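See the structures that follow.
Presented sequentially are two complexes of chain A, the first with chain B as partner and the second with chain C.
Up next, the complex of A and B:
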């Protein structure tokens, strides 16, 4: 059995990529299984999805704790403990990171075990689609290559899964073309035999009943959500061109998360630790004083506490 | 002619934030933007009673984005929870066990799935009992928290996870959006208003005005939803603006049942609103569904003809 875990941010297409890989494996004659984590996933929040395929019936269910391949759709997830990318990764695990950086740079920065390979998929998507967050087919293609699947079932799988999402045929075709570019471009790693996990927990814990006054979660703090930084959600950051700003306050008013405040000179100050990068401020600025700048990896764009 | 009395200029909007960042709500959430603006008037002496929905993420353990209190309820029972909290506060204050200065505003937060559907009976009960509370419905026109399934707030012609565009139903959703404003109005609460995030002064003014009315103060907030309506998050204000400018989302209030439209749009063609969103893409591709689009336009036109005739 080959087990692949996808990590992404809600909206990037990690779930669809996992479906594309599962369908491509199925069309290649394997038995396949894919499922996303169901939770309160949100556009920009860390999400995960799982694909298993093999020649034998797959009895294992649930999340993948010992992956053969891990596909990371957004390099900013490496520093986010909530994403749990390093779970169950050994020296043999293949790690694909969506990043224009070299594998060696990622290895040095992240200190992740496993064999790392990289490709700037977001850059490829921006170049071909001119749009952020449309990389499910491309991630699926990378995963298919690294998992040793052929091109034709991949093409069909993309058509099927994107078709189910209601995408128009020309868009699907473009996705197929660009996906195959990614398929060709990613540096392949030979699979090494994975040692069976020594011990899988089989004990069940029955929760003890507690009355609601004890048993329900209670938050005694006030306004502590600021401890949770959401700056890593961004693909682009809003940057102020100070001499164009006319101090109209509209960016402050329209920011849903309230991360823009006005200083005493009526100029906006963006709280980059929490800005999710929705670009409403950039879109609404009447004088184009706020511009979108691609987040740069390797530079300290955002750091988790 | 309706006029704003308190909020005349953008720079009167208070700078202090009462819904703090760090929530897991989607980037570009129109519901959050509406709530954030409302909270600038409501302040921190508030207890939010939250029906399960997207806004659950505002105070997901162990973090809360409120400086005030927050109570979580099931989707159908937030107004009942609000009644309990209101009564408890009233009793404690009457007995002298809580100083009057620590009184709180009780605010229900419910999505459209809750407000239009599951909590309709408990809302009706609360209004009937004249409960002194605010009701804030963030309406993104589907069950958004579970993946955009059809709700009674879904408009005709929208595609949702459970109303796909199919051979039998080429238009997607084939029923009309429930008119919750009128259902609420039939209860004669002292104050009802609709608001939209792209009209911040209109929104702030309505929350400021509502404060003067004891009893139920009901708000329907347009929650333009990039995730479910399938548009780029940067376009949330644009989508909210077009919802109002096409006449699909009338900005109005009802004081003791008397309706006043607070903004009269010039009414752009509905296409300008529909084409921005992926949930209506099937009305334009691969073939244009003229009948459906005309139907939507006709409904809007009929609404405004009636509204104008009644002189509101």
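Up next, the complex of A and C:
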């Protein structure tokens, strides 16, 4: 069995990518299985999806703890412990990171084990579609290549999965074309079988009663959401062009996350550690004083957790 | 001690009044309405210093009750049947918040078809909700159980909400003498509610029932709820001892009636236990060695007490006043599970379904239950589920069907 785990942010298409890979494997004659896991279903929040395929019936379900291949749709997730990208990764695991950086740079920055390969899929998506979200087919293609699947079942899988999402045939065709470019571009690595860990004896803890102050699902610490930095969710950041701002406060009013505060000169100050990059302020600004700038890896937003 | 004639509903209201609750969200439903009507009157008249609020549904009522309890207020509410089911999802939240309010359910069979009289499919549907459950046989026990319920619920070792159940009509609208406990004694029995994990202060907000994904924290909190519920067995014992000392009445997890030398035992709950006891007396007159076990606390399940009462018997009959369609009696299953590992388990377990929707349980039916159970005990082969339905009931039903179909002639059958 070959096990692929996708990590992405809500809205990036990690689930669709896992389905494209699952369908491509199925159309290749394998037994296949794919499934997503997500929590609050918010755009930008970490999500994961899983694809398994093989010649034998697949008995596992749910999360993949020992992946052969990990596909990371957003490099900013590497620094997010909630995304749990490194779970079960060994030296044999192939890690694909969506990043324009070289694999060696990622390795040095992230200290992840495994064999890393990269491709700037988001740049390709922006170039061809003008949208950062439209990377599911591209990621599916990269995964198919690394998992050793052929082009034709991949083409068909993209058509089926994007068709199910209601995309128009011309858009699906463009996705197929660009996806096959990614399929060709990604640096292939030899598949190495990831050894299943030996059965480790489980030891149990007998639950004991604790006082309701501890034993109730309850949070009494105030203001702790500031600890959860969400700046890494951004692809674009709002940036102020100061001389265009008329101090109307509309950005402050519209910001759904309360990350814009106004200084004494009535100019907005963005808390980039928590701004999720929704760009509502950019759209609402009547004088176009807020503009969207593409985030670059290694800068503040990228390192924010 | 002052004794007076009162219905089960009024006894419930008196229990609430004596418990000096702070907040009562209410929504009417037969046969419960009399409880909240009495409380509304007392709140208006100043006899009870509680805030009484009529809500737009049982779902809102239960939500308000849980939310108020979470602020540290002592809360009471009451419902029945469809109302309990309408509030259902909130029950699980309230127990998860570890909000120890008391809810009275006046048992009424579930629709469809609709009826007003009692069986226990409503309250037993909530058996897995995390609420503790105390089922009462008499009007006095209703009042006393509400006081005990607050004491047990608010104990740091428990902190879970409680349902006190009484049967519609046969207790709710039935008057019998009830002794009113002295309010000062009640204050000794029931200390003020000062929960460490609940409360409301603007300067110290907290979130209850937050999202926990991934399974591990969820399992931890669920385990805590289970352990808290199990703790209630011991806390009930302590509360029962204290209650007996102050008020002279004793309530255990289960009540045995003429069990000492009983070969065969009938297991029963709620108000029908009174008729069951009369049937035991009648059978004893005829020299039959039978006894009765009334389950009072249903959650937590008093497995040890049940095993203690039933081990070594020849045969056990469980009379379920409920029906799980496609399965049988709900309590029968739990009794059977409790006895499986008992070395001296009874030779036969018999399951009877009766008293559905207020259906009569006659002297003859109890006699038949004892006879069939004795036979099963001799043969070593249990029976059931036996759907109790007499020939007279069958005739009545056939006649109704003819009327409904328009086949009954003007001159009779």
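FYI, the second predicted complex is superposed on the first by the 282 of 305 C-alpha atoms of A that agree within 3 Å, B and C clash if a C-alpha of one lies under 4 Å from a C-alpha of the other, contacts with A are read in each partner's own complex, and residues count from 1 in each chain.
In the analysis below, a residue touches a chain if its C-beta (ideal position, glycine included) is under 8 Å from a C-beta of that chain, and two chains touch if they have at least 3 such contacts.
Bear in mind the structure is a predicted one, so any value in this text is a computation, not a measurement.
**Student:** Tell me the contact category for A:130 with respect to chain B and chain C: first, second, both or neither.
**Tutor:** Neither: A:130 stays clear of chain B and chain C.
**Student:** Regarding the shared-chain residue A:226, is it in contact with chain B (first), chain C (second), both, or neither?
**Tutor:** In the superposition, A:226 contacts chain B only.
**Student:** Pick one for A:211: touches chain B only (first), chain C only (second), both, or neither.
**Tutor:** A:211: touches chain C, not chain B.
**Student:** According to the stated criteria, A:286 is in contact with first (chain B), second (chain C), both, or neither; which is it?
**Tutor:** Neither partner.
**Student:** With both structures superposed, pick whichever of chain B and chain C touches the larger number of chain A residues.
**Tutor:** B
**Student:** Go through the superposed model and pick first if A:168 touches only chain B, second if only chain C, both, or neither.
**Tutor:** It touches chain B, and chain C stays clear.
**Student:** Return first, second, both or neither, reflecting whether A:62 touches chain B, chain C, both chains, or no partner chain.
**Tutor:** neither
**Student:** Have a look at where A:276 lands relative to chain B and chain C in the superposition and call it first, second, both or neither.
**Tutor:** Touch status of A:276: first partner only.
**Student:** Taking the contacts chain A makes with chain B in one complex and with chain C in the other, which residues are shared?
**Tutor:** On chain A, the residues that contact chain B in one structure and chain C in the other are 40, 217, 219, 222.
**Student:** Can you tell me which positions in chain A touch chain C when the two form their complex?
**Tutor:** For chain A paired with chain C, touching residues are 39-40, 207-213, 215-220, 222.
**Student:** Taking the touch rule as given, give the residues of chain A at its contact with chain B in the complex, in rising order.
**Tutor:** Contact set of chain A toward chain B: 10-11, 40, 42-45, 131, 166, 168, 217, 219, 221-230, 233, 248-250, 252-259, 261-262, 271, 274, 276-280, 282-284.
**Student:** In the complex, go through chain B and note every residue touching chain A.
**Tutor:** Against chain A, the touching part of chain B is residues 10-11, 13, 15, 17, 19-30, 32-33, 36-37, 56-68, 70, 145, 159, 164-165, 197-198, 200, 226-227, 232-238, 278, 281-282, 285-286.
**Student:** Which chain C residues qualify as touching chain A in the complex?
**Tutor:** Residue list for chain C touching chain A: 96-98, 156-157, 159, 195-197, 204-213, 217, 220-221, 223-224, 227-228, 231.
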